[in-house]
Amino acid sequence: METRINVIENVKLKKPVLVEGLPGIGNVGRVAAGYLVSELKPKKFAELYSPHFLPLVVIHDNSLTHLLKCEFYYYKGKQNDLIILTGDTQSISPEGHYEICDKIIEFAKKLGVKEVITLGGFVQSTEIKEPRVIGAATNKDLIKKYEKFGIDFGKQHNIGTIVGATGLLLGLGNVYGIEGLCLMGETYDMPLFTDPKAADKILVVLKKIFNLKIDLSKLENTINEMESKMKKTETVYKKMIHQMPQKDDQIRYIG
Amino acid sequence: METRINVIENVKLKKPVLVEGLPGIGNVGRVAAGYLVSELKPKKFAELYSPHFLPLVVIHDNSLTHLLKCEFYYYKGKQNDLIILTGDTQSISPEGHYEICDKIIEFAKKLGVKEVITLGGFVQSTEIKEPRVIGAATNKDLIKKYEKFGIDFGKQHNIGTIVGATGLLLGLGNVYGIEGLCLMGETYDMPLFTDPKAADKILVVLKKIFNLKIDLSKLENTINEMESKMKKTETVYKKMIHQMPQKDDQIRYIG
Amino acid sequence: METRINVIENVKLKKPVLVEGLPGIGNVGRVAAGYLVSELKPKKFAELYSPHFLPLVVIHDNSLTHLLKCEFYYYKGKQNDLIILTGDTQSISPEGHYEICDKIIEFAKKLGVKEVITLGGFVQSTEIKEPRVIGAATNKDLIKKYEKFGIDFGKQHNIGTIVGATGLLLGLGNVYGIEGLCLMGETYDMPLFTDPKAADKILVVLKKIFNLKIDLSKLENTINEMESKMKKTETVYKKMIHQMPQKDDQIRYIG
Amino acid sequence: METRINVIENVKLKKPVLVEGLPGIGNVGRVAAGYLVSELKPKKFAELYSPHFLPLVVIHDNSLTHLLKCEFYYYKGKQNDLIILTGDTQSISPEGHYEICDKIIEFAKKLGVKEVITLGGFVQSTEIKEPRVIGAATNKDLIKKYEKFGIDFGKQHNIGTIVGATGLLLGLGNVYGIEGLCLMGETYDMPLFTDPKAADKILVVLKKIFNLKIDLSKLENTINEMESKMKKTETVYKKMIHQMPQKDDQIRYIG
């Protein structure tokens, strides 16, 4: 079985930009993308399943089960339509990351995507009071285009890597002619910790870039509301950590 | 090599329901499915082999060898024909679970299956005197349809996951338009322990649902008879546990 | 990349029987098959390469390199031609065992093979003075056919499993209509130990079955001669053990 | 997703020889190949990506990201054109080594390559003052052809193995009719240590073989210049070592 994308609705999009936020460090990308979904009310049009996810279904309070998946939403924007990609999990194997991101890029390409923005956390060793949004991009023009939006493209941060979908969507996208920007909210490393502050900073940047009408004052609240759902997923993640080899943990949760 | 299903007899079935019971927690699902096979005398019509099983053959007392496999039986019922799926083992890798369940769902789909019922154990931390049958399903209508049969769809149990075939057949089935119900007999966690009580409770529910003529008073006896065969398989499982990495053990034996 | 069989010579064989002896417990199967090659001078007609072998080449004393491989030889016999399969190694992953054996069975099937005899060691906990040859087979007729050749098909041995090619060639062969016999020389478990006594007992049986003209008095000597080549390969195996995860060691070296 | 080679320029080459130098023991091969690229100014004409590399992108000081890859360069020589293969990394899985090398050999075959020279380190237990260049080859004619260039084909070194691309390009190439020579600079084992002395000795040999106009006096300097780039990559490797299972480390870094 290969990773599959089930298309629910065939969509025609205007200069679509793919915005990805999946579980990772501090859940920064996932919280940011999840908040976009909750505020913009975009429409789900595709789902992704993969043999590289944990082989399980989650049972919800209402006794309904759901297979781990990622979801594609579209939002009709002014200049650009947005494709928001978020979901339950990332690959649990290194090869799986490549397969999944390759399918996503192939899918995005067909939808006319020429730019991808991935969201994640950037680990610092100490707690950050005012987290910056650190940027990385596939080419210099993109840095020029975006540096006015409060993204830190400076050299002060040490050499780093971006692991998982957040990195590979840029890397593989670039091979296929899709430009990529990565926005990383500074956070500190704590297993299974969700960092709303870093997500907030990323949302501020995205709001400016796409001129979005989203009310960030509700983020703290919304995160609290999201907490019950999150807690379940985190319970699953905790189980994952116990069930899977330690080696993969770090890889799986960076992004 | 991919997972393969060898069809022994081409069958035409009436509103078939797939009932799965494979090795897992307390061997609950496997014992229940095995008892159905021993009581209903269904006919075997297909076998499944997989490169994701342990790479070995078992030697029996009569010096005959057998390759690890899963087996499909059919039983001509009143309202619904049953396809009973049971076998020696589950996948030893996460990706294998997906591949195997995908092949099973594809096969079931071709046979006209619109509903799957998976059987497993639900781990509690203490011994259970009167184990409940806890249910989970892919949609609300199914819960409504089945809650009268003594299945507990309440919220009192904590968030959980269903790992392996017992979970994925629901999850992947749902993607292909096959509705799914999971029946889990409450049991407690003990490696390689076979729990007839939990299996009995599941059989009571299945008997009611399908109006089956099975004599449950013999379960205890039959399990004793099954013991000699079981003991061998469990010896194999014990070997597996020693031979395979610990990480997979929990995944492999939940379900 | 998939496992590949490179055919060097297209052969037409008379009622061919496939005889497999690859590295495993006490190297029993490999020594026995290697001695057949050294005595019968069969002709090599095919080689098998696999991505499931260790990713390395061996450097010989003459500075020549060789890729790990298995080799197929044919020998024109009286009643039956023999295909002797021996080689450097077995798969280092569980899935690889299945893929490799599946390719071998497919190849054997094309060559008209209807019977496979696999050679291996049977681990006992103590040293054995007079090792028996323990047999296992895919069906009762085969046991009847062969029990007169000094093979022990009794029940006295505990339930066991045959891991790797020695087991899977029987298991997968059986699915494709190839009957299988496994001859296991009793040996005791010692890492990287080569047991000529157990191999000798297997050769005695094979000599009788196929009425072979082989001089077993030279086995001890030949093994000494083989030692220099063997020692190198064993050095490789020792490296493998250090390089590969412990979990696989047991699986890899049983058979 | 499979390993892919993206061709940037279609080239027609004269008796091309493939020269490979990828990260490995003491980074000997990579430094040597990298110096060839820096001195000969060959033109890049293809890139290789693989799901068997670490699933990440590297962030450079200028905030640009790059996907881990290998690169093919061509250089128009007198007798032979050279294809220089170097890159960021090797496979992180055993099967991946086979897949990647198989793609490379297939690609080389199409380009008319009949000979491959792989560069690596040969581990000694103590520091070597005057490192030899130890040779291994796929056939005796090649040894004869090259022994005059100061390569040590003697028996004095113990039995060894060549792991990863440096070994498999010889092994798999040989299967496809491509002759292979491996040049190994003696070095001692130290994690993440880059050994310019061993690389220098290899370059001396290559210079003689292909009558190259390269100034080796700059190697020490160039390596210093390369250091900043190298240090980053090594940081990545150090991360890899922490992130990946120990078992693979030895395999990954030999070559």
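A, B, C and D label the chains in the order they appear, each numbered from 1.
Everything below uses one rule, namely that a contact is a pair of C-beta atoms (placed from the backbone, for glycine too) under 8 Å apart; a residue touches a chain by one contact, two chains touch by 3 or more.
Given the structure is predicted, the values throughout are model-derived calculations rather than measurements.
Chains that touch both chain C and chain D: there are none. Hopping across touching chains, the smallest step count from chain B to chain D is 2. Shared numbers divided by all numbers used gives the overlap of an interface; between chain B and chain C this overlap falls below half, so the copies present different residues. As a whole-number value, the distance joining the C-alpha centres of chain A and chain C reads 51 Å.
Averaging C-alpha coordinates per chain places the centre of chain A 36 Å away from that of chain D. Contact with two or more other chains is made by residues 245 of chain C.
Chain contacts in this assembly form a single closed ring in which each chain touches exactly two others. Against chain D, in their complex, chain A makes its touches with residues 91, 94-95, 97-99, 102, 135-140, 143, 153-155, 158-164, 167-168, 170-172, 174-175, 180, 182, 245, 247, 250-251. Contact residues of chain A toward chain B in the complex are 1, 6, 49-68, 92-93, 96, 231-232, 235-236, 239, 242-245.
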